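Note that chain A is present in both complexes that follow, paired respectively with chain B and with chain C.
Up next is the complex of A and B:
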């Protein structure tokens, strides 16, 4: 075999499997979903029938899609905001040398790496109206008179879900922010102190500018993931009560597996995909993560 | 004033630690609390009448063992395929010059953002047609969709720091490329490969969405789906559910405490 042919075999042999897998398991299903959104296809009548934009017309005219969209926005903004706030407070508190810092850091990785189902079950148990320890404490301290049905109440379900997501992913924000804080040059604080800045001023002039990129990356990436989060929400509320926590992915799920209309579900998925695409474009434009690898070689 | 500030900071620190740690504490404590005690609130926050009854019931009176085996098979399959595909790709992408790397990088990172639901609905339809629902192969392929992008990325970055001079030295002494790859390059890439294995495991083990949608046959449930089914019934046996939650979290605990240094390399961004 001549060297050029051999090189070609190597390139194909090494990158081929990954490329094939990526295309087959990630891109093909999405392409199929987008294609499917132009057809009528239900679980009872599997034959595909071209209907053009009918599916889109149907879901875009329904208030349900827009309601779900709005809830996705509320859940995303709420949970990402909470993650950033918790992450920032916790990281500032932890940003000092003390014994046991490594242990604390391990503790903070845990919620993020736990299976969603574990977090969901633990929170259902903690917040249960009948047996929940949180309600017990609230009643014993006299803060509330009757137990609160956190995940089942119309006014509380969304907040409870946001709180749970904040707990699980806030710890992740903490770690990233902490890492960035520890990389700030202490000289900057000395300089700020010399020029007469108090702690608040120093935070504003030194800490926040240093954290800007980190906070933005967390907000963007977590925002993209939270917008499309299915498991955490589904596990604790199934989208209820009365659809009050039915975000876009839960809406798509309902169309596919409770109303058995795959065409409509595919159209809802395509809407999700468009939002994702928008987020991804912003992320790539702002940060271009591909800089981390050398492609010119 | 200074003193007050330091005291307030410390108090706040303890509050934050409490918020993070309490759910874990309550999960573990409930799992070893006898069933009768859990149906009689108010609860004590510290109790010593431990019992392993919940664990016994979980292991011998439910399908927990079957779910565990299903989860394990899916995770091992995902690890093997991910390690092979990502390692080869990382090697090829850093050792050869060819066109299309930039689009490949974008394609990889973009697919990393795909939410499971977006892929699960079309995969359900495709796998139904191919008779691949409720099979291990189908689930493993689905799990590849969430872990492979990150893993390709990890290995791509990792192979950049594995020095090429080592391989070149091996070629000079007469080794073929394949042999240099096997005996020189792969051993130096071992930490990267280990991270890939860990992430593949974690993402597969934690997955709910794919398993929930694709594995509708009870005998093919993985642990997350099986656990979720425990609370679908009325009169939930919370002690046993917490025992199950503890056991499912064990790999997570082990990973964090033994492999923190590998984790940090890829922590940047998992779903």
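Up next is the complex of A and C:
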């Protein structure tokens, strides 16, 4: 075998399996879902009937899609905002030396390591109107007369879900922010102090600019993950009450597995994909993370 | 680099095709495997599974056919069956509700099982699922939707089992002492439990979603018309009144209907079948003896929402093997142990078996003969949803039932506070819209 052919075999042999894997587990399903969105296909019949853009026309005319989209935005912005806020506060607290620091840091990371189903059960128990600790405390302190149905109330369900997601995934932000905080040159703080800056001013002028890139990356990653979030919401509310927590992934799931219309569900997923793609393009245009990372170094 | 992009992609594509090929071949081969029967069962109680194992081993010994079991559970079985069909690998047998199986029949996925029914003793008229002139279901068991109440608490207030709407509302109010105790449970969410409650109470007030149009030979939506609308509004308003004596229950599903009751937070509840009693015996035996069944109060009719479970055989599968298995199963001596897996909940489809010494020879049944007598007294009153609106199979029930539209109606009335009339109009409009899409 000549060296050129040998190199070809070597490259194909080493990258081929990974590429095949990627194609099989990622690109083929995406292509299949997009193709499916142009067919009528019920869950109980493998036969597919070409319908062109009918599925898109149907769901785009449905207020349910736009309502779900709106709720996805509220959930994403709310939960990512909360994660950033909690992550920032926790990282600032953990970025100092005190006894038991390692233990406390581990405890802060714990929520992120827990499976969603465990977190969902814990929050259901905490917030249950019948036997939840929070309601017991609220009733016993006289703050409320009847228990609050956090996950079942029209005005509370979305906030309860956002709170749960913020608590669970805030640890991810904590980890990244803490890592960045520890890389900030202490001389910058010394210089700020010499210039007469107090802690708040130093945070504003030194810490925050240094964290800008990290915060943007967290916002992008967590934004995508939260927009696609299914399990956490499904486990505690199933999209209820009255669809008040039904985001786009839950809407697509309902179309597929409650209405058993795979074609419509695929169209909803394709819309979701386009929205995320659009969001990512805007993000890259506006913030140019590659440049940000270069600057941040 | 020596390797150009085109040849790289070509090589990767070949490797991908090689990886996919076995999947395709397996899919093609599966339907032709006469030595295997895939059986998806909704019942996943450990005792029932032990019976399946025993019968399946005997079946293999006798016929050489292996039975592969799947237990996706009540909440997931429809999804599991749907995904198996969509993947081109339909199972041979599905044991679950005939109402769910109707979705398969409408897509011509169910085999004619008239011969199996004939060989195993037939079925009562209200348990049959007939589509295109052929039987599509082999009923094994059935469940009625009815209430359960704490006799001790009712007696302490001088109350009997409620038989009318007024009685039930009075009892619920008298026993209501939130948050320690609620008078009743009216789940109000887009869940199966809420849906079934409203559908049952509609039956009790003779409310129909559809009416048979003899000219068109098809069903029309009538929920928002004339007397139907008046009665639908009346039913919603009644459940709204009861909801005052219920936990808000806007997230409730089947589990909470039982747990709220057996944790002594509600003086009455309801369920499909007697699993609530089974769970009360298991979790809080001290109130089990005082847990007594009652009819969810009637207004105009004493019809009971009937769930029929049975075997359903998929058309594009090993039909012969499946028919052999079902016949073998129903004639096997261990069948009685299967009925006893959740005693009084899995009620035999045959009244003769219900009243047989063999079936009644179980400690729980012996202890609770009152439940058995209650079931026997309502035996002929059960109506499956797909025959509620007329003698012809109603193919449209999935349009409201699968999507928990009745649950939405309860939630819209009780949680959102919409007027009942508006709720009824909107529900009817939704069903019509879906009918247009289906057609």
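Definition applied: the second predicted complex is superposed on the first by the 275 of 297 C-alpha atoms of A that agree within 3 Å, B and C clash if a C-alpha of one lies under 4 Å from a C-alpha of the other, contacts with A are read in each partner's own complex, and residues count from 1 in each chain.
Note that in this section contacts are C-beta pairs under 8 Å (C-beta built on N, C-alpha and C of every residue); 3 or more make two chains touch, one makes a residue touch a chain.
In this text the structure is predicted, and so the values were computed from the model without any measurement.
With both complexes brought onto chain A, simultaneous placement of chain B and chain C is prevented by a clash. Of the two partner chains, chain B is the only one that A:235 touches; chain C does not reach it.
Touching more residues of chain A than its counterpart among chain B and chain C is B. In the superposition on chain A, A:286 makes contact with neither chain B nor chain C.
By the touch criterion defined above, A:123 reaches chain B but does not reach chain C.
Of the two partner chains, chain B and chain C are each touched by A:11. In the superposition on chain A, A:151 makes contact with chain C only, not with chain B.
Applying the stated contact rule after C-alpha superposition, one finds that A:44 touches chain C and leaves chain B untouched. Contacts of A:262 after superposition: both chain B and chain C are touched. Contacts of A:243 after superposition on the shared chain: chain C is touched, whereas chain B is not. In the superposition on chain A, A:19 makes contact with both chain B and chain C. Contacts of chain A with chain B, set against its contacts with chain C after fitting on chain A, overlap at residues 7, 11, 15, 17, 19, 24, 41, 130-131, 257, 262. Against chain B, in their complex, chain A makes its touches with residues 7, 10-11, 13-15, 17-19, 21-22, 24-30, 32-33, 36, 41, 86, 89-90, 93-94, 104-126, 128, 130-131, 133, 136, 140, 167, 171-172, 175-176, 221, 224-225, 228-231, 235, 249, 252-253, 256-257, 262, 265-266, 269, 272-273, 276, 279-280, 284, 289-290, 292-295, 297. Residue ranges of chain C in contact with chain A, taken from their complex: 1-3, 7-8, 11-12, 15-16, 19-20, 78-79, 81-83, 85-88, 103-104, 106-109, 178-179, 189-191, 247-251, 260, 263, 265, 398, 402-404, 408, 411-412, 415-416, 437.
Of all residues in chain A, only 4, 7-8, 11-12, 15-17, 19-20, 23-24, 41-46, 58, 129-131, 139, 146-147, 149, 151-154, 237-243, 254, 257-260, 262 touch chain C in the complex they form. Interface of chain B with chain A (complex): residues 9, 12-13, 16-17, 19-21, 23-24, 26-27, 30, 38-39, 41-43, 81, 84-86, 88-89, 91-98, 101-102, 104-111, 113-119, 121-126, 141-142, 144-145, 148-149, 152, 156-157, 160, 177, 202, 205-206, 208-209, 212-213, 223-225, 227-228, 231, 238, 241-242, 244-245, 248-249, 252-253, 255-257, 260, 263, 267-271.
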